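In what comes next, subunit A is part of two complexes: it sits with subunit B in the first one and with subunit C in the second one.
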Partner chain A sequence: MENTLSNSTDKVFLYEVIGAQFDTIGSKALAVKKMLHDYFPKSDYLRRLGVCVFEAEANLAIHTVHGGSIEVMVFSDRVRITAKDDGPGMKDMKKALTPGFSTAPETARQLGFGGGVGLNNIKRFADYFYIESSKKGTTLVFEVWNDDDPTTH
Partner chain B sequence: MTIQQLIDQLSFQLLTPQLKTDGSFHDAYTSDLLSAALAKVTEDHVWVTVQVHQNILGVASIKQAAAIILTESLHPDKDLIDKAQEKGIVILLSPYTSFQTSGMLYNMLKEEKNGD
Partner chain C sequence: MKIDEICEITNAEILQPIGRRDVDIRYAFAADLMSDTLFIIMRDDEPLLLITGVTNTSVVRTAIILDIPAIMIVRGKQVPEQTLELAKENEILVLRSSNIMFVTCGLLYKAGLEGSPWKIR
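After this line comes the complex of A and B, so read on.
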């Protein structure tokens, strides 16, 4: 499948994630998964997407000062997620993408976060992955393609 | 193997009595790292962990795990159990360590496989 949008869409949904609040991590991912069920009923696809959104949500809650937003764009054959925040950004992108490396605080690690595999999970389960980061913030974009035979839904 | 068989044979305590225990699974995954569980657990797994906070419900729900098995008798608070029942996530309590619990599960699943 080509990495181009095959169909225009006006289906855009926005979710806000609060910074430094760990106990609700996963709630937005579940809300996104539930919302997308009407568009993509296949559970395997929704699980892949759910993993990616969970990780993006966890990053916004753990690593940002003010939280951030998760924008969900629904296309006929894919979903594009854009997670944005206003800082403080990643000091070393290469390290941040290295499995096992994490800057998560001890309070998050005690809850089982901060294993340093979150971004790699997204890379693994998503079909398209892009990230840019500066002191002013981080933008993460990924897509999960529903490239299975729709008749198997 | 069904959740009920675990309760019957290993004396695990069912913390979510409002939920059905006839769900089946054929594998288990043990980790306290949420990202690892997110990556590996499927609807065919039970997930073994010592984590007893709200976020485990998100992980189990996203991956549609057959059940969460909390080990070392680490009892979660009532709020978590209520939410698990709302979300339809079966939670069992094991008195054993995660290592011992995993070993028991491994043997049971192996026996079942060999018996097929």
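After this line comes the complex of A and C, so read on.
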């Protein structure tokens, strides 16, 4: 898929996610969804985007040592999300992208997370998906495109 | 199906009543894994009931992300105050049934509630 942006933007928002803190998972996704409502009022689009950010946030909270950041870039026709952390990274990318495979701790599973479907949910709903990972950290970039008229609900 | 009818059928109580009390629920989805719940994103815009045994605040955040107006907690589980508080702030109704999830789903399905439509995008 071509990775080009059709419009420039100066609307960039940054959210910090704390590592190994499971009870606040989803709070940044909610903040992002509420913030974007002014730009994209269509509920279907916001749900799709919200789910992707939710999953990215859960991964940062569950699988990193120091947490990470979620950068939100708003364009007129899309939103680009970049989630970054400083490790420990994914040992096996292929397995990490396999539905059902998870290295999440039991404490995260008890809270309803760590089922091994997060990255796949993002891949499924995003229109552009890129991920790279090493011991130094993981960078996940995805875009959700607003195909429809943003003024309609 | 109205909230009061859902409560009557499942012998449920309303733990958090602030929200869309007059909503007419058409679909339901049951899961204890929030990522599985996030799977139903492509549903129609018909109001949906989320049936779950998860009681922490993440279940409320999941409902908000998906525009779900009501959550049914099963197995009579104790719901933390902060979960109810977050639900109240965001006007998400929280119901609680002492039935297990299977029975709760069965009763509602028998009464006419449909499973949430979903598809792989």
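Just so it is clear, the second predicted complex is superposed on the first by the 145 of 153 C-alpha atoms of A that agree within 3 Å, B and C clash if a C-alpha of one lies under 4 Å from a C-alpha of the other, contacts with A are read in each partner's own complex, and residues count from 1 in each chain.
Following the convention adopted for this analysis, a residue touches a chain if its C-beta (ideal position, glycine included) is under 8 Å from a C-beta of that chain, and two chains touch if they have at least 3 such contacts.
Just so it is clear, the model here is predicted, and its values are computed rather than measured.
Chemist: Using the overlay on subunit A, decide if subunit B and subunit C clash or can fit next to each other.
Modeler: When both complexes are placed onto subunit A, subunit B and subunit C end up clashing with one another.
Chemist: Kindly classify A:Leu97 by the partners it touches after superposition: subunit B alone (first), subunit C alone (second), both, or neither?
Modeler: neither
Chemist: Can A:Gly112 be said to touch subunit B (first), subunit C (second), both, or neither?
Modeler: both
Chemist: Would you check which partner chain A:Ala31 touches, where first means subunit B only, second means subunit C only, and both and neither mean what they say?
Modeler: So A:Ala31 meets neither subunit B nor subunit C here.
Chemist: Go through the superposed model and pick first if A:Ile18 touches only subunit B, second if only subunit C, both, or neither.
Modeler: Touch status of A:Ile18: no partner.
Chemist: Quick one: is A:Gly50 in contact with subunit B, with subunit C, with both, or with neither? Answer first, second, both or neither.
Modeler: both
Chemist: Kindly list the residues of subunit A that each of subunit B and subunit C touches, one partner per complex.
Modeler: The answer is residues 22-27, 29-30, 33, 43, 47, 50-51, 54-55, 58, 111-113, 115, 117-118, 121, 124-125 of subunit A.
Chemist: Provide the residue numbers of subunit A that touch subunit C in the complex, in ascending order.
Modeler: 22-27, 29-30, 33, 43-44, 47-48, 50-51, 54-55, 58, 111-113, 115, 117-118, 121, 124-125
Chemist: Please name which positions on subunit B make contact with subunit A in the complex.
Modeler: Against subunit A, the touching part of subunit B is residues 32-36, 38-39, 42-43, 49, 51, 53-59, 61-64.
Chemist: Taking the complex as given, what residues does subunit A use to touch subunit B?
Modeler: My answer: residues 22-27, 29-30, 33, 43, 47, 50-51, 54-55, 58, 111-113, 115, 117-118, 121, 124-125.
Chemist: Mind listing the subunit C positions that touch subunit A in their complex?
Modeler: 32-36, 38-39, 41, 45, 52, 54, 56-59, 61-62, 64-67, 120-121
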